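Below is one structure, written out as structure tokens; the observations come after it.
Letters A, B, C and D mark the chains in the order given here, with residues in each chain numbered from 1 onward.
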């Protein structure tokens, strides 16, 4: 049971967690839930990628993970921007009444 | 190596599950969210297929730009959800489509299983033709800019034509205006905070990935995509505005990259005997020059493709 | 059953799933998504073949991998053009139905921010 | 010495995987959006952080160590801002009484 095998097993486990997160995407009543599952997906994906890369000594895995981490917030920003545009006001105003 | 195979099988099943779900789910927004997750899983698959350059491209474009583009579109078209529900084809069409899809997939699967055993490869030819002469360490970059330079040149022009196509969809009153709606965003909000903190680091990472492209996996497409994403982040946070498409500096920069590429290509005809050939010993500097010239063009083009068609005239 | 063959079969299945979605789903945005699935399926097939062609000390054949990078960027720009078309169709006709006998509605004036 | 590092890797990566499990279970079981958000950000930060910490001793060059830490910091930043944006979007869709 060498270290690479352990890391590969951990990668499979994290991928399984990511798959479970997919179920929340299915059942998510609101779009915000789905975005959260995507965020967990992103982080889980980065973790699985790092485990895979270090275990199999794959090249440039850190750069791929760096790109993914950098753009992890991008989809959610697009969602927040589109959600705020179609629903008008900002909740900060509503909380002041 | 059964454990590595276990990883591959679980990854492949996950990819197929997400793909099936993208098609089956009723709500378009859920499908687009699934597509973002699908892009991320594909980056993992490319790492497992030992293609780090492609993994980088997929992560940057699939995970970042395509997701943002589709989420924006899905949000804007949310109103059309109910109307389209009546147009679902009947059971007969669906079974026909299923039969066609299964036969196409089966044909491809048979093709995959029947691939010739001494796997045909162009690696030795590419190595001999481009790696030895150009001194570029990364074989994929060497192929992109030396062995198959024509593909990269045509691709840079195709991306530019796609941008022209998107711009030509502007309504007459907004011609020459700014793409994308301009929405007031509170300057001290979370989005503004992210747009002030992330881009400087993102620019450094983008330029780093662009620069190492010569010898390690990376390159101009991946670097340009990251820089384009950072620019979009600043625009969406309201800190900057999309430039009106009539600006001359914008149009000059958009055309500069391909023009430099074409110029160096035709100069090759004189000095090195063939179009897009590099004279002896000057290959690497010329390749780096082309990549530097293409960077601004790609950053502008990719970002403006996501920003979309012009919609409003900027206040003079 | 090694990695390239496994992902090659996965690619074939992706093309099938994408094709089904392309035909069945009436909404244009869903057709774009399905078309992207077909595209990534074909790219995955390229990747599997490139992985099989590993030689001369490289993990994979660089020529198809270079074509893949070009393909992904062009597929993205095609998607951007398609989304812009759907957006303009929505702005003009107020609906994105592709049905030929759709009632022509007065074009909805997009809100000027 | 390498045995101690290996044990540290195994412990840290398993702890990280456990937090992913906790985050995903939280994402599935919690009743409404804001509590799920709580579970999600935990999984993000701690799960990935522990996995990255577990992988640090396995990294060869020092530059890889810097990249690993940078990946974690980006994921933290993304998780924090996305958490805010999601909470705002969720509050707008269903303003709490």
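What we mean here is this: contacts are C-beta pairs under 8 Å (C-beta built on N, C-alpha and C of every residue); 3 or more make two chains touch, one makes a residue touch a chain.
Remember, it's a predicted structure, so these values are computed and weren't measured experimentally.
Looking at contacts between chains, the pair that accounts for the most C-beta pairs is B-C. Our note on geometry: chain C versus chain D, Cα centroid distance of 31 Å, whole angstroms. Separating the centre of chain A from that of chain D, both taken as means of CA atoms, is a distance of 10 Å.
Note: centroid distance chain A to chain B, computed from Cα atoms, is 20 Å.
The distance from the centre of chain B to the centre of chain C, with each centre set as the mean of the Cα atoms, comes to 12 Å. Touching two or more other chains at once are residues 74, 77, 81, 85, 88 of chain D.
Multi-chain contact residues of chain A (touching two or more other chains) are listed as 18, 31, 35, 37, 42, 59, 63, 66, 70, 72-73, 77, 79-80, 83-84, 90. Residues of chain B in contact with two or more other chains: 4, 48, 50, 53, 65, 74, 76, 181, 183, 191, 194, 198, 201. Pairs of chains meeting the touch criterion are A-B, A-D, B-C, B-D. Considering their complex, residues 1-21, 23-27, 29-30, 32-34, 36-37, 40, 43-45, 47-56, 58-70, 72-74, 76-81, 83-88, 90-91, 95-97, 99, 110, 112-113 of chain C touch chain B.
Put simply, chain B touches chain A in their complex at residues 3-4, 6-7, 10-11, 14, 17-18, 21, 25, 29-30, 33-34, 36-37, 40-41, 43-44, 47-48, 50, 52-53, 55-56, 59-60, 63-65, 67-68, 71-72, 74-76, 78, 181, 183, 186, 191, 194, 198, 201-202, 205, 209, 212, 216-218, 222, 226, 229, 232-233, 236. Touching chain B in their complex are the following residues of chain A: 5, 8-9, 11-12, 15-16, 18-19, 22, 25-26, 28, 31, 34-35, 37-38, 41-42, 45, 48-49, 52-53, 56, 58-61, 63-64, 66-68, 70-75, 77-86, 90, 92. Residue ranges of chain B in contact with chain D, taken from their complex: 190-191, 193-194, 197-198, 201.
On the chain D side of its complex with chain B, the touching residues are 74, 77, 81, 84-85, 88.
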